[in-house]
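What follows is a short report on a single structure.
A, B, C and D are the chain letters, set down in written order, and residue numbers restart from 1 in every chain.
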């Protein structure tokens, strides 16, 4: 009996162990496994290994809001236009684009293209997708990208109806869109993922088609199809043979691993597990930038984005223009870029980045790092505030928690202390909290970055057209608003650019923000990778990428 | 067996002089006091002594280090990521700050956090564990279950709320660390008390009418001291660690202040190009924790009556 | 008498401690003969347990140091044996009964296993046979319903029953020498008597020699053939039970006997204690270790350590009192009374 | 036994209720909004999102909903990854975290006990010091530093292991070591001190007096008793280790659930916070129960009767 009991007990233990081991999952046969065979044999297969930082927050083009999702969407879907490697729109799903005299009506003729399930891509698919995105019930964060279309804003904010949105499928192959104002960058917009079509037949039957990227209902019309998705682990894209331009797609397989840590991604790249590092998929670890610069592999491209500190002009201290001016001038942008951000960013001189047409040459709205001028402004400001010494200024600098933001903030904080004698306190909070704080206007000086969705100055200037929304400065100016409204109606490109430049000058003369730098896109890639570079918006079109064995 | 060589003895040797019991008593009483004995045994323990000296050096460094250095912890000197040299003894970081200075400022903060958290844990944990262990029954059950539940509540949520309610800084950090940190101490104390409370001398004291407070103070705590001390020497590293983890999540002490946790966190991605940024805070964390462990073990051995021979 | 199975010669044991080297056992010599029971008495700290653990070589080294002497068991010096050789002797030829039955059994091992373990280690025996033998042993030491008890754990046993188990374990391999280290101290008086009976029975049947360590003279009178009295790491007097009880020579033995209640005493008499406390063995006294507590100590007692004087046949005492030059000192009244009673043939 | 189990299960349910309640209120007290986005949302969309996730209801309705959802085990879709069910996230990630965790447990317990035993047996001799140094390194190196150092030297420099990912056993070795190092050191310390206590005990002396050889005494007699405190430590350790580690999973890019415990909170992803919390609590409470039952198997002095606490 005891003998039996004893054996029984050890058997039980064994059973527990075995079942524990059986439950083990080392993920040996998961999709990412194929990543290893990439560099090896086979001149038939062309594959590339990339990494992104997390699961895409959405697989629905209309719900995507981030570069991670966007990079995948651009491969699996295709809009009316697609940006070429230089960032210029070229016809894609649209074979022909006809614009009316007043530049308000666009008529698209679609080419014969197929969804990955064989259905033809129709004008109805576009109409369906755009109206779906605008439907407030679907809560698309980026629906505002469609506001250029007549009736779109009203429908999205619950004041209009779907029928009033001026997008119509005239027939299967003809799509007609009417805009509120002349929009010179509309061709660019139609390349943006919010404007992508959705297979309306499938989507009407299965409203949840996008929640299972591995399911048979997940259908795209882009150069690649989504082969497999393993949460937190990998996404595998395969070439879409039924894509209309399949002959010009070189890659057969794209392996995308989810690697959250920059340091890990860097090591994987150094070990040859990844072929590309950088925007828009992930970020190159700051610590490696010097190394990549030295061996000449770092690719730097200007990006349509501005890193800035916003001043809350409703704050007791920050309402003073001279204080804002002093703080803005005193920032040593060159030193910051050279030593801290290291990415060959351009010193921020204004609101609109240098990638924009007509804004290529920086305008000196203020002298950067001119300590004398800054002190002068500071003295004036202090006097206006009735203070005698800079140390009496109580200023707090807010930023969202991140090592990069912290480093920049510490650099600038120290500069303000040494050059102006202002001891600024630091206040960091998590992203979700930070956004609420900015919205509520609880900040004095706050970090902010704006990356353009399309390469037009309006994308930046519009933020400060009115209070609310993304205007975290609470600054408004009637003249400025008027200029923007006028520019929206202007059809002459030159005159329009001038108006926008005038608006920026008004903006910068009152210092509601301290521009710090204009973003650059940094990337490195393996020698064998060809044609892989990002456009000014930071997108990489995998469609054009090739591998040379 | 008998010794034959006794002839040289004089008859006068056999004079009866009586006993000297008083001498034996004084001899017996001459034994050293309890704490004297403990410290003597502690000093004889080489490892413990080394630990103690290490700790002393680190604390002296924390006090004097920033004061010796010609730089301040937040001063950016324009020399970025410099290897250790004559000017910057421990090198500089990515903002050109002197790591020597920062490491000792960090020592102040990390050791303070560690000690403060350990002391709060000690007070709450010992009180909670002692009451639970001594009362027993339902009360014990309920008290320990409360402790169980506390450990299951998402810790980060609590920390985030604390950091928002109070301004980020040392104080909320210490509270956050102590919030669940005491549970372990309570468990250890309780199990020690349970072990001790049925022992004869405690029962004897009880029959003599000692009340609970007296029992805890006089009999139980001194005997549970060894286990409590060891737990405490482990609490301090845990606190330093948790602080490092919170720094990893960006919830550490606010910049530009430094703690070892934030420094290690900033330094580890630079392992390839500026290893000194991880090395110095890392080595100091290791040394400190080694020292606490050695001192704790030494104290335990010195206090443990069973090892007294 | 036949050949001794154990001869201890001038055994010296030191302990290294933080406070200095403690000379715990100082030149101890005695013999144990087959089938006899030798009791070693003395107060706590007198070195009696250390001496006996030294036989088993169970003292942890460090801090213990075997500083000199030899222990001959069947003619072989145990101190020269390797650990492997000692393993064959322990439990097999010499076994030991520990003082506290509450702690000397493994709490997480079944009783049966703890008994059979010794047999399986030392005898070529199947586990079935070992179990049978264990049942016999349990019966022998008086454990009721042994079959059931075999599969129980120590915490299910009372103190007395546990000590019976310990005895059963000690007897399991039929040892030639059994060292009982205060086996009854931790037990109730009634249980004590039972345990002593068990041991006596066992000895009758097996001719095992026993070294019985105790501080309880009552127990000694009950079980021992010969008695050795230890004080401050030395044997101060050794002789037969009768010698020690009725004709003790060393003043310490007097003190010890004086502190024992006498059942036969008619007179109302107070219990006596020995004033003072034992010497510090880090720095043992030059002369007689007991001198400082001896009201009739002589000058020489403080100067020179006495040799063993023969006080009778096989009766020795380590005191200057027995030196021919020493003045005749009186044996205390209580001891004298006892002697008279004894010789008067009261018993 | 059955009565005991019943009591414990009732306790688990009560504990879960308290944990859910506390978490719910903490969650709602924490500032931040799950739908906050860099691009300010039109109010209509914010409302529609709130409505969709029931965040527009008064708190007591939301609280009730959470209780009901937790009871039925359906936590709903993630608020950040809107296409993912919380349950799926846990179901997919947990086997991976558990595999890694079990491997780490084997390392931690196996080596911890071994190191602690060796240290105790050679008390105050050089193996003891060597083992103590090992244990101190384990305790004193933060896991992210340990992970980074292992990854840099053994994977990148030496090339013996893959850098990151989850594609087979070899991928699990470095993360398992990094994960195991701290608990291993704790276990080693614990084992050492309780082993020292046991080897000085009477029954070990008695076993030696039986002629049992030194190693048999250690392994058959002392170890089992010395491991009792280690077993107590195993419950929270197991629960913590098999539910994954944020740091290790991030550095080694492992698709486990450890990161959800942290990211769900920083994203204010309420449904996932609730799901992971309840999941962790269940694992923890069950682990405590299992360890208590296991304890009664190892230590015959403990009997599982209702309402009895098991202090030793």
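Keep this in mind: a residue touches a chain if its C-beta (ideal position, glycine included) is under 8 Å from a C-beta of that chain, and two chains touch if they have at least 3 such contacts.
By chain, UniProt protein names: B = Diguanylate cyclase; C = Peptide ABC transporter ATP-binding protein; D = Peptide ABC transporter permease.
Everything numeric here is computed off the predicted structure, so don't read it as measured data.
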Chains in contact with chain A and with chain C: which ones? B, D
Furthest chain, CA centroid comparison against chain A: C
Chain whose averaged C-alpha position falls nearest the assembly-wide average: D
Separation of mean Cα positions, chain D and chain B (Diguanylate cyclase) [Å, integer]: 24
Centroid distance [mean C-alpha coordinates] between chain D and chain C, Å: 54
How big is the gap, in whole Å, between where the Cα atoms of chain A centre and where those of chain B (Diguanylate cyclase) centre? 49
Distance in whole angstrom between the CA centres of chain B (Diguanylate cyclase) and chain C is 45
What residues in chain B (Diguanylate cyclase) touch two or more of the other chains? 160, 164, 249, 268-269, 272
Residues of chain C touching 2+ other chains? none
Give the residues of chain A that touch two or more other chains, as numbers and ranges in rising order. 263, 430, 433
Chain A to chain B (Diguanylate cyclase) touching residues, read off their complex: 262-263, 285-288, 290-291, 339-340, 401-403, 406-407, 409-411, 413-414, 426-430, 433
Chain D-facing residues of chain B (Diguanylate cyclase), complex: 47, 133, 136, 140-141, 144-145, 148-149, 151-154, 156-158, 160-161, 164, 190-191, 194-195, 230, 234, 237, 241, 244-245, 248-249, 261, 264-265, 268-269, 271-272, 278, 282, 285-286, 288-290, 293-294, 297, 300, 306-307
Seen from chain C, its contact residues with chain B (Diguanylate cyclase) in the complex are 15, 17-19, 29, 63, 275-280, 291-300, 302-304, 306-310, 316, 320, 323, 325-327, 329
Residues of chain B (Diguanylate cyclase) defined as touching chain A within the complex: 74-76, 78, 80, 94-96, 160, 164, 167-168, 249-251, 254-256, 266, 268-270, 272-274
What part of chain D is in contact with chain A in the complex they form? 31-34, 36-45, 47-49, 52, 80-84, 88-89, 92-93, 95-96, 98-99, 102-103, 148, 151-152, 155-156, 159, 162-169, 171-172, 250-256, 259, 263, 266-268, 297
